[in-house]
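Sharing a structure, written as structure tokens. Questions coming.
Letters A, B, C, D and E mark the chains in the order given here, with residues in each chain numbered from 1 onward.
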Amino acid sequence: MAKPPRKKTPARAARAHTATPGASPGLVHSPPGALAPDVRVVSYDADSIAEERLESLSGIAALRSRRKVVWVDVDGLGDAELIAGLGKTFGLHALTMEDVTHVHQRAKVEFFPTYVFVVVRMIHSHEPLEMEQLSIVFGKDFVLTFQEGKPGDCLDPVRERLRQGRGRMRHSGPDYLAYALIDAVVDHYFPVMNRFADRLDGLEDEVLGEPYLDVVWAIHSVKRDLLTLHRAVLPHRDLLQALVRDPTPLVGEDARLHLRDVSDHAGQIIDLLACYREMAQALIEIHLNVASNRMNEVMQVLTIIGSIFIPLTFVVGVYGMNFDAESSPYNMPELKMRYGYPITMALMALGTVGMLLYFRRRGWLKRPHNYRKPGPPA
Amino acid sequence: MAKPPRKKTPARAARAHTATPGASPGLVHSPPGALAPDVRVVSYDADSIAEERLESLSGIAALRSRRKVVWVDVDGLGDAELIAGLGKTFGLHALTMEDVTHVHQRAKVEFFPTYVFVVVRMIHSHEPLEMEQLSIVFGKDFVLTFQEGKPGDCLDPVRERLRQGRGRMRHSGPDYLAYALIDAVVDHYFPVMNRFADRLDGLEDEVLGEPYLDVVWAIHSVKRDLLTLHRAVLPHRDLLQALVRDPTPLVGEDARLHLRDVSDHAGQIIDLLACYREMAQALIEIHLNVASNRMNEVMQVLTIIGSIFIPLTFVVGVYGMNFDAESSPYNMPELKMRYGYPITMALMALGTVGMLLYFRRRGWLKRPHNYRKPGPPA
Amino acid sequence: MAKPPRKKTPARAARAHTATPGASPGLVHSPPGALAPDVRVVSYDADSIAEERLESLSGIAALRSRRKVVWVDVDGLGDAELIAGLGKTFGLHALTMEDVTHVHQRAKVEFFPTYVFVVVRMIHSHEPLEMEQLSIVFGKDFVLTFQEGKPGDCLDPVRERLRQGRGRMRHSGPDYLAYALIDAVVDHYFPVMNRFADRLDGLEDEVLGEPYLDVVWAIHSVKRDLLTLHRAVLPHRDLLQALVRDPTPLVGEDARLHLRDVSDHAGQIIDLLACYREMAQALIEIHLNVASNRMNEVMQVLTIIGSIFIPLTFVVGVYGMNFDAESSPYNMPELKMRYGYPITMALMALGTVGMLLYFRRRGWLKRPHNYRKPGPPA
Amino acid sequence: MAKPPRKKTPARAARAHTATPGASPGLVHSPPGALAPDVRVVSYDADSIAEERLESLSGIAALRSRRKVVWVDVDGLGDAELIAGLGKTFGLHALTMEDVTHVHQRAKVEFFPTYVFVVVRMIHSHEPLEMEQLSIVFGKDFVLTFQEGKPGDCLDPVRERLRQGRGRMRHSGPDYLAYALIDAVVDHYFPVMNRFADRLDGLEDEVLGEPYLDVVWAIHSVKRDLLTLHRAVLPHRDLLQALVRDPTPLVGEDARLHLRDVSDHAGQIIDLLACYREMAQALIEIHLNVASNRMNEVMQVLTIIGSIFIPLTFVVGVYGMNFDAESSPYNMPELKMRYGYPITMALMALGTVGMLLYFRRRGWLKRPHNYRKPGPPA
Amino acid sequence: MAKPPRKKTPARAARAHTATPGASPGLVHSPPGALAPDVRVVSYDADSIAEERLESLSGIAALRSRRKVVWVDVDGLGDAELIAGLGKTFGLHALTMEDVTHVHQRAKVEFFPTYVFVVVRMIHSHEPLEMEQLSIVFGKDFVLTFQEGKPGDCLDPVRERLRQGRGRMRHSGPDYLAYALIDAVVDHYFPVMNRFADRLDGLEDEVLGEPYLDVVWAIHSVKRDLLTLHRAVLPHRDLLQALVRDPTPLVGEDARLHLRDVSDHAGQIIDLLACYREMAQALIEIHLNVASNRMNEVMQVLTIIGSIFIPLTFVVGVYGMNFDAESSPYNMPELKMRYGYPITMALMALGTVGMLLYFRRRGWLKRPHNYRKPGPPA
């Protein structure tokens, strides 16, 4: 049987960063297989907004002086030179630049004197589960975002709100934009969570169906995905609490209030994940009980039939023996008795009835369960 | 077989908030399917009390100036405009208004300069388990409560105490009313807990009965409900401790003392939940032991009967062979022996007795257990 | 079969307080089924001691002025009026009075300006496990104790030491008496712990015996009791550490030192409980291994006997066929061979020996285990 | 069967202190069965050392004035009067004296103004596991040690180093001696840990051998011992960290540095214990897998043989029926067919081959495993 | 069967330090079997670098005065005198020297006034898992490193960067070199982690294959290795956080920033380890489900065949009885009926079909599963 092409397996998906151990830190290398970047610069203040594709780094300084906030939105990490240039332009530390290109970071926040560096993990809504690193750097008058460049992201609603000037985003500083981006990323987990709820509901129905080995695989695959998600989401809570509490002047009071709200959402997701993981574990337990019950039923059938017919077969075997009645009066005189056969049959019937009564008393003759979910207890 | 209409399943019940990810924060949208609100305004001081249905928001200002405390009791979140209007009237932050309408919040408390915002989860006493979000906002001279509008709540005793003027509620401020409301919500968990105690007691009896697969389902359904409850109750403890400890001037010393008491109750519920969950888990374990024991008994019956009669059937089969005694004196001379048949039967009886003795020594002939709970050990 | 009268089951025993949810706090109601109180007043100082039954509340003031410490020892909560009166006499907060009568409190300590309120859970030494709430209130010159009034308590040694004036109790204040009472309560857990050690030792012997389903029940009943105990004892540690550390002037330096000692004891009990719970869990695991081993043995017997005799029965069945040798020379010529019968028997014997050799090589013919505990490894 | 004399069982070994509950604190009672004490007094300073058996308490004062450090080394707690006398001589608190004689204390440290009281648990190197309480009291110029008096201790190397004057011990104060004693006690756990490593290695080999029930017992006995050890060792870490951090002037800077080192060792032991416990648990799991595999093999043998021969026996039974071919041409004409017998035999052979092919395709005809540990994966 | 030479087993690998308990601390002893040291001295500043083999300790002082940083790189602990000499030269505390030679330390950091002492555990990239202790001591102008001397280490990239003068290492102080060494050690764990990902992926395929007992062993061996790794890596996080936070002047601001980055990496490794351990545990669970499923299938085959043919064999046995039809008209008149044989056969066929229908309804006639991993759920 031809083996299918190797798909990305879960353990492989949980791989770690691939920097050469011992390499000098702070050197910006594009991650292997990185895509060519698509860079857009959005500059805005309360009154005006401009959106353009980045031509050269030198144009950025002009934009910074002209408008209140400049957002450089980098989608794709394939151009190490450009990223290094951006880092220099905005005065980023070498370690920050390194983290931007190492796309297996855990979510975290780091505070520098002139900027705040946030790494979050953006989830994609399609199957199978996929995540992408979004690095957000924001300072007094700029926001930089770097993503891996996988097709699609969850930031379009934020871009749209910026363009339309609704809400307070255009009136606020880079901290508010950063909040809006993080909020979009965190809220994007909720539809994925709902999909998990559906998968678990489906599995609860299936766990009683056939063929059940597939169900075990499906449950374990859900568990694995939940584990991966948990690992990704957990650090967001710490990150958000650090953003809320750190005394950095780069995050204003209003943004803090909103970030506290995002922190609540992250807490809710972690909560749901824990809950779903317990549910998946419970399904495994139910499955084991169902399997053990089936086994019991299979064996009961064999035992009932064997216990009745094996002794009977012995009895009829006795009267199938060829002892020579001619040679001795002791040799099977029953065979010549007038009611030998009917009596034998009657005795066997009696034995069978006795056996059945015994089995009924033991509760082995119950109708097999239909393995249906009972309703809620009365 | 026609599928029954889809009921609300546990995982679906654990769904998260449904705001569009990336939407602008602070916009008040009624949750989908929300009911039209029924709004009552109670205004009171030590001497007088008035209770009326809210006609227009403008009337509230008058009530606030006339009496010490105004309680706006909103039951149903279906009128986004009204809720936004209330928010404006009492000076609530946009994020507070958003949380009021997102009805899947975890219990929490947030302190604002002019008010305290508390979210608790109210339990309904009927089966199946249902919870409702109750948002409580209280300031210097007002209390706002918002609930989803599901039929029935547990606040009627508080309303009654207000009307009758018993106790100190009418003499105290909004903080005391908020305490009384939270207290009513938390204490309402206790009857539900007692119902769990009943369900667990019932299951302990049933775990030894038939047909036991249903018991597994029932135990797991209890476990699931306990998990849901635990997830709902746990944050109340933190919330209450924050209320007791936060230096906000909006909560007076006396209310704090009472809130500490509610915090004790919440701790007790969490404690009981942990205890019940361990009991439910233990029932699962007992069930597995019972199942493994049954299996053992089933197999012992088959083994005993098979081990006795299969060899005997062989023996009688031997003497059922048709070797031609005429052709050779070596062919089954036993068949012509005078005592061939009685001796054969006697030897088989002897073998059977030997087998039985062996089985008895192995302890396999014990009377089957009745699976009754033993009394406490002496 | 008549059902025995319903005994108090474990889940029911873990019931929570039964106050009407939403009721006004601070109202003293006797718990349902409470016994009429037996109230004794002991007043003492270093030189003298008086012990009398409480006649009227008014006499207490006189005693307080006459002697250094007055201990009002209330046994039974059936008289709400008396309890409310005592509360008024000693200036207790309404919430304290409520907690005194709600007898399902967790152990806790609360500090008030003029008194300290301690709730501990007193264990009874008989089977089945029973606990009783002991509320201790102590101030500058008084100690109040309230217990539910179940027959017997563990405070008699303290009463005796007071009467005899041995030790420093008569020379010390109410804090020392409170310490002595808590110490008596905590130390009373130790004999119960030793009984658990005995039960576990007994179960370790039994887990290998017959009929083993009862052992499972017994182990689970121990586990349940340990769980209940753990839930009861755990808060005592926090309580005691709070008493040791709180800066209240009502607890003197010497009493603190002694309370630290009690705190050690509580820690030791919690430790033992954790240890015993792990032991009980290990017994469950051993039991499962024993059960799986038995099953293996049962099946080996069936497999050995079946594998030997089922093929043999087939062989003898072959020569029991009635193919008519007259009609054709191909029809069972063996039946007429001179050595047909002996050769057939010999071949069957050979097959049997082969089978036995195979089983021995597989290790299935070992003597069954005696399920005895081995000694410690050499 | 005569029951062997009751050995000290694990649960019994985990017994708690046996003070009469409610007894007056601070009274020194020898523990039941305590041995008569062997008391040695070592007094030393940098230049000289004297070692003598304690004659009377009055001699101690002289020694204290003469030399820098006096170490009273009490081995055996059988003389309550002597211990009380020592307590009085060195100004120990009554509770300290009580703890010295209650030999089931957890390891702990207590700081008093004039002395530090340390309780550690000394392990004996022989089997079965045995521990002994060592109480160390050290002040400005003295060290008191109390042990239960079981034969042998692990302090001889310290005594020897004192006598020989090597290292800095003779130049340092009582804190350094106390450190050296604690260090000796903690380091003495390491050889015991290595013995556990040996036992686990041995069990890993045995878990695949026969008869395996004994292995379960052995693994559980290791787990139990590890549990007991864990319970004993865990508090040492807290104790040592308290000694390192507490601002008491009785512990000098140098001793603190050394104690930090001992604290590392304690951490290492706790670490190893956790690791060994996980290994033991994994062995249990492997054992269950081995047992389930064996069961599978046993059943496969029965199923293969049964599935082949039970149908064949039916077939030959058919031709063993005695329908009277004379009475009807429909009655078993096969019996008279020329090739009836060979064809029947051939068909049966064919069926058997078919069955075997089916079983091979299902993978049931594999050679049984030898249950050998595989080497490390390539 | 000859036993293979004893390999280093896991429990043995987890052995603890082997110092003689009670020995005087601070004495430098080479660990047993230690290799002769290979000592290289690298001295460098921004402009120049020299690398030489250590001839005598006296030369070090000259180097320290000539260049900014001196790195003494000791590979092999076999020369106790040399190590003690180095300790004296650089003013190290006796306890530090002791820890350097006790090669089973947990990773830790200790701050001394003139130096910082760091112990990390270096992993080797080959199989089986092997670790080596690397002790790093750095002060104002020197770095000392001690390793056990096993062939190969992961520090060559650092040495190379020093030689080539790329990056900032030559411009920075000993703290930066220490950072670079720790970073190289921590990053070297990543390739090992990836190997674990491969092993787990391979096992996920194999868990469904044959012969599965080996898979259990392989999974457990992975779990064991993950446990060992976890134990080794966990303390690195604390160590790094202590280095980042401790106010010691020996670690500069820039080095702290870089160390925070290493701390992130350590966190990531710990995270991955936890994730891999859960995956391995899940594989064990899947294996048990697969085994239980196989058992079910084996038993179903036996039950189906037995249930059909055992009753049939009884039936044909009945008509194989030899009751003498001559003696009585009641004796088996069927045998002489015209359609006796065809009717009997037809009835048996009917019974068989009934049985098969019953089994199909129970779902026992399904095609056996192929145990293939399903794709991700749709």
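Heads up, the rule we're going with is that contacts are C-beta pairs under 8 Å (C-beta built on N, C-alpha and C of every residue); 3 or more make two chains touch, one makes a residue touch a chain.
Small disclaimer: the values here were computed from a predicted structure and weren't measured.
Participant: Using the average of all C-alpha atoms in each chain as its centre, how far is it in Å between subunit C and subunit D?
Facilitator: A distance of 24 Å separates the two centres.
Participant: Whole-Å distance, subunit C centre to subunit E centre, using C-alpha means?
Facilitator: The computed centroid separation for subunit C versus subunit E comes out at 40 Å.
Participant: Got the subunit A residues that touch at least 2 other chains?
Facilitator: Where subunit A meets two or more other chains at a single residue, that happens at 288, 292, 295, 299, 302, 306, 310, 313, 317, 320-322, 332.
Participant: Which word fits how the chains touch one another: line, ring, star, complete or other?
Facilitator: Chain contacts: single closed ring, each chain with exactly two partners.
Participant: Going by the defined touches, start at subunit A, step to subunit B, and keep going round the ring. Which chains appear, in sequence?
Facilitator: Loop order (subunit A start, subunit B next): A, B, C, D, E.
Participant: For a test of understanding, state which residues of subunit D touch subunit E in their complex under the given definition.
Facilitator: It is residues 154-158, 161, 166-167, 169, 180, 183-184, 187-188, 190-191, 193-194, 196-198, 200-201, 204, 257-258, 260-261, 264-265, 267-269, 271-272, 274-276, 278-279, 282, 285-286, 288-290, 292-293, 295-296, 299-300, 302-303, 306-307, 310-311, 313-314, 317-318, 320-324, 327-328, 330-332, 362-364, 366, 369, 371, 373-374, 376-378 of subunit D that touch subunit E.
Participant: Report the residues of subunit D in contact with subunit C in the complex, numbered from low to high.
Facilitator: 9-12, 14-26, 93, 95, 98-99, 104-106, 108, 110, 127-128, 199, 202, 210-214, 216-218, 220-221, 223-224, 227-228, 231, 284, 287-288, 291-292, 294-295, 297-299, 301-302, 305-306, 309-310, 312-313, 316-317, 319-322, 325, 332, 334-342, 344-345, 368
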